[in-house]
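What follows is a single structure, written as structure tokens, with notes after it.
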């Protein structure tokens, strides 16, 4: 479960967005879309905790695992400075993956770095033969990373940007409402909480089932510390579930949005 | 006093010993032998404090300041990993320098990295025209760094190693006792506390004056925190002096060795 | 080289095969870490604090990272003693010969007594009474008052009988922890677990609000290690009772430091979050360090730090 | 953009031009940092704690670095009140219009009173009574007992008269600091300085001895920031008195966090050791941050953190 993974490549795709390729054959073999790794970004005691990052892609043949991340704080900044050939200590793959029907169309909805797990899901679905429709939103054109690769693998991509620099101007949820969904296709989404909340409302109105990948600050990543609570409906009441092991993939309908 | 100094070069001279060249024209201009810089080695909050390092040489023409250090812990390890072209935040030059007669022979006694400040002193003395005799000891041949450069500048060098791999086998103090000193030449020493303590005893027996560069853990480096105390004789009693501003150069006779 | 002896005792009725244990709340109920190593190889697994009824815990966010530390406000989320006794402990025991130490939390003397008895009956090797959880309403009530600490300790001692080993776990902020510790020991506690997290908080400056969902939390990790060593050292000198020391342990050096200050066992808490195999690595590392130093029995080190 | 107003008051008789001050003991007597900036540009310079007689301090080593922190046992080295009043304060005043806050330490009520009076006569703007130095014998005596804290506070208040502003400086480990704070405020203290260092120690594992020459020390720096914020927040809610907050400040965000928790001024301590110009940078950074957020008066922020 713990791997000292060599950094095979690290590329900047947009001003703050990096794609990192690790040599970790065991992870490459086992990982499923929606799962994540706990990455040790520092070599000192500050920052102290690992950072959760979704598996963005795997190349089983080469034993490679790909991460896609945005630099938002100290941990990700340190990661961006890591050099080729150095080793990164990662734990995983962790968490529950998406559940996908064996055939038929699927709809993916990605907000910003939400594309990280959904790219992997798109890839697996395309290999299986599912039709894949992706609604993909970001702040601006340059942050719509990996869109070419997605188109190349035959994903039907609809784009939205906050500034209108590519695709529709506006949110990805507005775009989805405008374009509509193929009947009965299950929906998979990842992105910032406000987007997911809006999407949950829209999908409820449409009477659609969906699986969302959620984020919360994590301690252990393995279900022990109870640090990563998410509020989930239970009958009339609610309980807290662990994002790390009960998720990170949850049914959209069960999440209680604050 | 605070400088963002670009790293001009960094060379490994022995397995754990590095020589680092900074672009810091103001420091190069002002620094005197025996003075030191407070170097920020980390970019995170751990390690938190600066590290004191002696000025090992300056090149006023090029605005360069040279540090010589051994990797002993986290701070110096981080320093050794710093890359060319990056900036290092340093405060200085700080502390009191050696006092040297205008002419005549001087004797330098260096144990290990004690050569760091004494190299600078040797250089300045040679430029002024003093005859310079150096007793220089280390664990083994490879750790006797900069000995060629010292010989080239006309310093008369006597070497000792613990393992006998170069020069006399034994301590530098034993070597000095064996070779004897030119009459009336003042003595300047730097090195690990046990060596300085032994040397202080020997010099006292010989009735010699000496200046020692001392080390102690430092907080501020500017005399404010009182963290760097060294026990100094005052009549029958003793007081604590600050290594950073009352020193690091002290008269050998005034130090109380524990 | 002879293999050093690692076994330690925490009083006459609790012998651990080595002095490295897990800290309550950072190792779940042990099962979560079973994929990372043999739980039976650890000195003991101290499980998450258990209450009479299930508790769902505090609203998120529950964790924030601070400089070299972790601030948590889990709020004693646990499935309640019934489920722990019926389902979790049997599952834990099924993984091998694990030494399990239970951890008890409560809001009343009766709750402590009931949970302690149920866990003891379920066969745990020893108990920790958590009198110092900063993240629930009455969490530090008992740990801040020598009289209340004595009361709950005495009640638990009477209920468990004379021989059952249990330690009282205390924090050191806002209370005279030595007075509380002394009262607990005099009331029958076998020893002490030191230290629980320090109270702390973090601010979301942009939104002008407290960052943790619960407002305040407890600080742990390397940041608090100097305070934890001090508390263990003080308590050892004053009270000479068995102590499990904890606070910021991440290295073999840290384990040795706690032992030298007087801890008979050392718990690994937040360190496990950053390094999931840490507890096992410390057992191995400790054995190697002792062998290298020629120490034949780890007990030679306990409390042996010199002042000068 | 309009320049935000930075002035704050700590009670009616102490107005600071901005809320950034230095923490006692980390800025010497101010003069040591004069080469780094204009001392008069700071909210105030709080000088090293002063005792009646000169103190030479504790044996070295006096400082050890810990994870994101500093452990010190200086032992109140200072030249004594006579020399401070006759030589140091005049020299400090000669650098410009510096607002100076004196810091008083002592072993008896009489010593506190005498030193306080001498410093007040010498013209300091206010005083801090350091009731919480963990590094000398009687250092925390007064700060651990509400009755003694009240006694020394009352005596100082009587000697200084009703109008002279002074704050009581407390630590939070090993005592019920809110009870002590309340007692001191009721006995006449203008406000509180929170927090002093936490007691701690470090071990030289190789030599099996305590690392600091004095054995134990006080922990400061970013490591303790969450605890310091918590203490300020608690004291502000409970007592609504002027507070100088401190503990681990290294950034403008930290300053804002302390203000939001209820501090009226924020002291920079260990941060200055790592970043000699930090106090000045924080004054400038605070002004910019407020301007950017459209805050016209820094006092709008004080105590304004929401719980949820």
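Annotations
All chains are identified by letter, namely A, B, C and D, in their written order; residue positions are counted from 1 within each chain.
Keep in mind that, in the parts below, contacts are C-beta pairs under 8 Å (C-beta built on N, C-alpha and C of every residue); 3 or more make two chains touch, one makes a residue touch a chain.
Which protein is which chain? UniProt says A, B = Dihydroorotate dehydrogenase B (NAD(+)), electron transfer subunit; C, D = Dihydroorotate dehydrogenase.
All figures in this text were calculated on a predicted structure; none of them were measured in a lab.
The chain with its Cα centre farthest from the Cα centre of chain C (Dihydroorotate dehydrogenase) is B. With centres defined as mean CA coordinates, chain C (Dihydroorotate dehydrogenase) is found 36 Å away from chain A. Chain centres here are Cα averages; for chain C (Dihydroorotate dehydrogenase) and chain D (Dihydroorotate dehydrogenase) they lie 34 Å apart.
Our note on geometry: chain A versus chain D (Dihydroorotate dehydrogenase), Cα centroid distance of 47 Å, whole angstroms. Of all residues in chain B, those touching 2 or more other chains are 45-47, listed in ascending order.
Looking at chain C (Dihydroorotate dehydrogenase), one finds that residues 67-69, 221-222 touch two or more other chains. Taken as a contact graph, the chains are fully connected, with every chain touching every other chain. Considering their complex, residues 45-46 of chain A touch chain D (Dihydroorotate dehydrogenase). Put simply, chain C (Dihydroorotate dehydrogenase) touches chain D (Dihydroorotate dehydrogenase) in their complex at residues 66-69, 71, 144, 172-178, 198-203, 205, 207-210, 213, 215-217, 219, 221-227, 229-230, 233, 248, 253, 256-257, 260-261, 301, 304-308.
Within the complex formed with chain A, the chain D (Dihydroorotate dehydrogenase) residues making contact are 67-68.
The residues of chain A lying in touch with chain B in their complex are 42, 44-47, 74.
Those residues of chain C (Dihydroorotate dehydrogenase) that touch chain A in the shared complex are 25-28, 32-33, 35-36, 48, 56-65, 67-70, 72, 74, 77, 221-222, 250, 270, 272-274, 276-277.
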